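Pasting in a structure now, in structure tokens, and then I'll have a few things to ask.
Note that the chains take the letters A, B, C, D, E and F in the order they are written out, and that residue 1 is the start of every chain.
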Amino acid sequence: MQSNLRSLTTRTPQEGFDLAVTLSQMGVLVTQPSEEIRELLRPVYSTNADSLIAVSQVIATNFQTVAAANNYWRSSCSRPHIGWR
Amino acid sequence: MQSNLRSLTTRTPQEGFDLAVTLSQMGVLVTQPSEEIRELLRPVYSTNADSLIAVSQVIATNFQTVAAANNYWRSSCSRPHIGWR
Amino acid sequence: MQSNLRSLTTRTPQEGFDLAVTLSQMGVLVTQPSEEIRELLRPVYSTNADSLIAVSQVIATNFQTVAAANNYWRSSCSRPHIGWR
Amino acid sequence: MQSNLRSLTTRTPQEGFDLAVTLSQMGVLVTQPSEEIRELLRPVYSTNADSLIAVSQVIATNFQTVAAANNYWRSSCSRPHIGWR
Amino acid sequence: MQSNLRSLTTRTPQEGFDLAVTLSQMGVLVTQPSEEIRELLRPVYSTNADSLIAVSQVIATNFQTVAAANNYWRSSCSRPHIGWR
Amino acid sequence: MQSNLRSLTTRTPQEGFDLAVTLSQMGVLVTQPSEEIRELLRPVYSTNADSLIAVSQVIATNFQTVAAANNYWRSSCSRPHIGWR
């Protein structure tokens, strides 16, 4: 599998969050390219509370990047508060 | 459960903090979609000090994002100190 | 206990640090609402070096947010260096 | 092996992600210069879910840096949303 | 012991790093106020490689804050590169 | 040993990365000043995958600071894309 990240911009925060999840998976994929081994590991970390928290930490870090890239999905850079006041 | 994150802007810091908590939960939810398993894990991490600290770390990271998105709930970008001097 | 975070702005860096501590505790509180259980856990993490370091990491992350919210308690945005040159 | 990091700017987000991976490896390389030992460790961390998550965390942190360096691969600083609206 | 953090601005990067160390210690101090217990823990974490790395992580996070507060000790905001070109 | 950090500005990204490594070591040094003990710990963490990943995380955090301090080694602040378009 070869990832091809074309843009960090998304239409909505939800799509941005989904991209953050993808980026987090890409970080694992690059270190363990075998889908077979990754699938073997899934039941381990997906049922371990601390692993799930650590995954959420990675996603949060990537979401910071994606959110900044999208200027936090605000309407405009010069008038940042428009739309939520 | 399907999350639908529509905006990062909130009216108050408290609502922003609540959103950070939601984002942190979304990071777990996406990895472990089964509510049943998540409920089984809750008593494990909620009574473990290190797990609770790790959860607070994830929330802190997401709160950074939400706070920046809301320009830290300051009154104005051009006069950032208004209201707290 | 219901937190009510009204503002991220503080008068001094010390008050900002105290707020960062509060934010870190809020992240624990939201996951473990029982004060009784939290009090049971206190002697565990407060006498464990690695737990204390992890707590300090959470506070540092929240302090980043609070410090940015207060423009690092500099005098002015347009003349950021006033006061420390 | 001697790294020579010449620039943080890349043409695409994918190349930026690849650079983030390289930076993460450089952080290991500087501490363990022996390629032989690093190769011995690879099967350990590449089959351990928590290690893989931790690697993804490092990459996410470095990707924040690279993405900011490239202004998130947006078209222009003054008109940040061009291209994704 | 009562900390009193008056300013994040320092004259030099070295003083800024020292302040980051102080902030990291403050994060421990607020959770374990007893100097006696902290002194008992010192030989534990100061001879444990992973604890030392974790301490360095906290300091790095706080140094980010202090460095930003000091505008990275650059000469001027409008001409950021003066002095290092 | 007494560190003396004079500036965060470097000529190249590689020198910036090297400075990030130095900052990471300084964070350890301040907690464990004994070179003898640090040398004893080196074979422990340098042959442990998780320790190496954690070290790389600290370096990544410090590299964020150094890269920002150098405006990511871009040519100019007002024309950030010059040189890589």
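The working rule: contacts are C-beta pairs under 8 Å (C-beta built on N, C-alpha and C of every residue); 3 or more make two chains touch, one makes a residue touch a chain.
The model shown is predicted, which means the values in this text are computed figures rather than measured ones.
Considering every other chain in turn, none proves to be in contact with both subunit C and subunit D. Touch-path distance (fewest steps) from subunit B to subunit C is 1.
A centroid comparison over C-alpha atoms places D as the chain most distant from subunit C.
Both subunit E and subunit F derive from one sequence, and where they touch, under half of the residue numbers involved are common to the two copies. For the pair subunit C and subunit E, the distance between C-alpha centroids works out to 15 Å. Each chain gets one centre point, the mean of its Cα atoms, and the points for subunit D and subunit E are 25 Å apart. Looking at subunit A, residues 45, 48, 50, 54-55, 57, 61, 64, 68 sit in touch with two or more other chains. In ring order, beginning at subunit A and turning toward subunit B, the chains are A, B, C, E, F, D. Contact residues of subunit C toward subunit E in the complex are 12-14, 16-17, 21, 45-50, 52-57, 59-61, 63-64, 67-68, 72-74, 80-81, 83-84. Note for the complex: subunit B touches subunit A at residues 3-11, 23-28, 30-32, 37, 41, 44-45, 48, 50-51, 54-55, 57-58, 61-62, 64-65, 68-71, 76-77.
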